[in-house]
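Note that the chains take the letters A, B and C in the order they are written out, and that residue 1 is the start of every chain.
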Amino acid sequence: MSHFAIIAVSILFDGLAYAMFLFITSVGLSVTMGLMGFVNLAHGAFAMAGGYVVVSLTRSYGIDFVPSLLIAGVVIGLISIRFERRLYRQLYKATDLEQVLLTIGLAFMAIAAFTYFYGPIPKSVPLPDWLQGDVNLGFRSFPSYRAFLIAVGAVLIAVLWYAFEKTNVGAKIRAAVDNRRMAESVGINVDLLFTLTFALGSALAAMGGGLAIQLFGLTPSFAVLYLVLFLIVVAVGGMGSLKGTLLAALAIGIIDTAGKYAFPVAGNLFIYAITAIVLLIKPTGFFGRE
Amino acid sequence: MTAALQVENLHRSFGALHVTRDVNLTLQRGARCALIGPNGAGKTTLINLITGVIRPSSGTVSLNGEDITQLSQADRARRGLARTFQINQLFRGLSVLENICMAIGERDGHNNNLWRSAGAKREVIDEALDHLESLNMVDDALHLVRNLAYGRQRLVEIAIALAQKPRVLLLDEPAAGVPSSESHLILDVVAGLDPDIAVLIIEHDMDVVFRFAKEITVLVQGAVFTQGTPDDIMNNADVRAVYLGEEGHDAARRGGQHG
Amino acid sequence: MSDNKPQTPATQAGNEARLRAMDYLVRRHYFRWAEALPWLIAIALFFILPNRMTFGGQVLIMIMFALSLDLILGYAGIVTLGHAAFFGIGAYTVALASMLAGWSEPISGLIAGGLVAGLVGAIAGWFILRYRGLTLLMLTIAFAAMLQESGNLRSDITGGYDGLPGLMFDPLFGHFQYDLYGHTNYWYVLGVLAIIFYFVRRITYSPFGQALTGIRENVRRMHAIGSPVHRRLVTVYAISAAIAGIAGGLFTQTNAYVTLTVFDFDSSAKVMVMLILGGTGRLYGPFLGAAVYMILEDYLAKLSPTFWQLGIGLLLVLVVLFARRGLLGLAEDIRGYFGRKARASSTPRRLVWKPEHWKALAISALDGGIIGFVAGFATNMKQAALMLSFVTDLPTRAILFTLGGAVIAAAINAIYLLLTSRTAVEEQAS
């Protein structure tokens, strides 16, 4: 195998793992934004909180990494319901600006609170043996953790796909994203639907946060550090579109990995340039509704 | 004589959905035309096509003989095409007077001026007050629009359009949502419009339509079902079957919503 | 046309209303004495706190930056999280002109900074101002981030995140040297701010400014009455960018130093917070907002950066929930409330406790319990620092924290309800 091909495969592999993280964390944001047009800048804070739940569960309570991830998802998902009911609900009809301010305020508060409890130093998480080391794929070995991340992503995509396309609730969500008024007039309880997707989205974000610890380390500023990236995935993919979010996550994950490999000094320039170009050509993103 | 507004073979589809099909419509100067049709017939879409909010898939719109199909909404408005909205589109945080001044300022190009004070143009304010006076609304001049009763807001909606000094005026259900005890105020204004302005009105109340309109266009599923004088329409059995029957049903449903 | 009507009492009343309305619009832009207040305070502070003038200059620069944002956000309703782009362009124009071209005359450098930022603003605005909502928000973020990343790509010129230190600028008007205490600089920045403010004030009271308000209030109607909305937005965006650029230029000249952090997302967010805090669309919001923010930051951030971040987050949430028009708006509301209260003081007031209040209390207890539980859950990472550290048994801690949170939240809500349910009776009575 040529040198070039090996590099290409490595980039593809790392890019794919990165894309899966982006997808898992952003998909909830995309659907809730598509449903209510709510600009939720605190989404990253839910992911960060999920990460810290995983840290606490594994380090202080001695629970394994994978069950910790699931518990974190459930806990953050449930807590997010209260946020949605008490705070977000009041601002559905408010302007973008007010939503931006409220949620960025929540993100700041979350960062401060978690800095207080956990300190500003990056946290890591103990992994089980089978997630450490490399996995050999014949021509090359890859880090097991990234392979695990890709597998988790693939499973979640399949599950979400099924839930979105084949189930009754999924059909209702799609209808409400498409035309909220119409959905309401045929008796779909969009409020309840929103609470549901909000909780599910936050739960996924929390799991994404937990999964990201091994990749980037976890600090409280995770809440805003990757927020712009999540927003980019949502905007480029098109609000409320599962397909779009996946495509955008893949595009950004792989192109960013390739760009950082080829031109390390350029940083995130590629991502921002792609975002600007896509949005200028198609302001609603790949699969957003007009 | 060139028509004030001429719509030819106008067509618009969203994917497989044809919301406007091959519509032809002519408004002479001073015309009083009503556009009726069941809910979802594409009446508001037609107005949006004429005013340039959305672009047609094919067909042309001409204003006083000039093809305006490719012009922006704003360019059409500056050529004398004004409209009102079915759902109020007002500057809710501004006073009634400022709402009117806004339209005059845009019409005469004052709003390009970013140095002189807005209050320095007394003639603009004077004209705005004249418009309000003709609607008996001078007392409300300094009230914020959002604090007005809904019926008064509907009047502001019309007042803004009139302040544009339009040659063609499109009224989208001017009395929609107004309690019947107040709707006569609005309909009086509509009845008393300058006879030089060509008016196209969308209205659900058949009494109003038959009283006001000289010509009626019936729109069904995006296409012109029939056109004619009020008498023609009233005596047209097909219209009764397709439209008036539904209208009765409609009115009952709307009554249920409001009641 | 009204002149020909007979003068009945009704039309006389109408004429009075007419005159009143005319008078209001004609006089609206007249200078009010209260408007002198911020300037008098700024001048007085120079004599009261002469050794804090370096900080004072920074506050004035942020006021100018927030003022530029007010023009597009408060008046035209353009929501941007990338306004630092133009602040940064101005800052770097001045810095690079001095470093590369030896152009160190401050005033012309400042004008150059404003012009470059304004030009870039016009070009960027032409592209991005067709959109609103999330798309516009993302485009503004992406634009500022792209500038920052490009700057980092050429860190040989821009100095990257380490910055360009030791920039030199000529004495002001060839005469006034910059001093260690920032005295010259304070007057310089104050003077520039006064000129900029005069421009902005004229613009906001002009018909153009009115049209911007119209775009903010209802863009669909603006299209329908023939307003060239895109051109208006690009114009004001360029003006705002130029002002932000001038503020950035002053920032460079004041510090004789600049780094790529001027393009930070944080910087864009911060200026927006200042503006919102003061109140948008009312010209003096930036003064109050930037001053309050900077002073609080100066004190609290030194005390504890974490505490400051919590405070600013809480402040934002409270402003959005309870004082959407900022501190200036809040001041008006309070004045109005006491005005009403004074008038209504004779009406009897009673407390009514409704069944749904119990439900509200229960929900508050639930929320407080959740917060308490989370806190209890998290504190074992840092037990020693917190109260209840003597309880080392984890389940007991969790229960105690949960109950404590529930009781505190319910108590807060009970107080709130006791206050507001009184008002409800008052309204019923009147």
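Keep this in mind: contacts are C-beta pairs under 8 Å (C-beta built on N, C-alpha and C of every residue); 3 or more make two chains touch, one makes a residue touch a chain.
Here the structure is a predicted model, which is why all the values come from computation and not from measurement.
K.L.:
Would you mind checking the shortest number of contact hops between chain B and chain C?
P.N.:
Minimum step count, chain B to chain C: 1.
K.L.:
Let me check something: if the centre of a chain is the mean of its CA atoms, which chain is farthest from chain C?
P.N.:
It is B whose centre lies farthest from that of chain C.
K.L.:
Of the chains present, which has its C-alpha mean closest to the combined C-alpha mean?
P.N.:
Chain closest to the assembly's C-alpha mean: C.
K.L.:
Roughly how far is chain B from chain C, going centre to centre by Cα mean, in whole Å?
P.N.:
Whole-Å distance between the two chain centres: 39.
K.L.:
Would you kindly tell me how far, in whole Å, the mean C-alpha position of chain B lies from that of chain A?
P.N.:
Averaging C-alpha atoms per chain gives centres 46 Å apart.
K.L.:
Quick one: chain A and chain C, Cα centre-to-centre, how many Å?
P.N.:
The mean C-alpha positions of chain A and chain C differ by 30 Å.
K.L.:
In the complex, go through chain C and note every residue touching chain A.
P.N.:
73, 79, 81, 127-128, 130-135, 137-139, 141-143, 145-146, 149-150, 152-153, 155, 265, 269, 272-273, 276, 306-307, 309-310, 312-317, 319-321, 324, 363, 366-367, 370, 374-375, 377-382
K.L.:
Sort out for me which residues of chain A touch chain C in the complex.
P.N.:
33, 37, 39, 52, 56, 60, 79, 82, 86-87, 90-91, 94-98, 100-102, 104-119, 224, 228, 231-232, 234-235, 239, 265-269, 272-273, 275-276, 279-280, 283-284
K.L.:
Spell out the part of chain C that touches chain B in their complex, as residue ranges.
P.N.:
These residues of chain C touch chain B: 1-2, 14, 17-18, 20-22, 24-29, 202-203, 205-211, 213-214, 217-218, 220-229, 232, 235.
K.L.:
For chain B, which residues count as touching chain C in their complex?
P.N.:
It is residues 51, 53, 72-78, 82-83, 85, 89-94, 97-98, 101-103, 105-107, 110-122, 125-126, 129-130, 133, 138-139, 141-142, 160, 164 of chain B that touch chain C.
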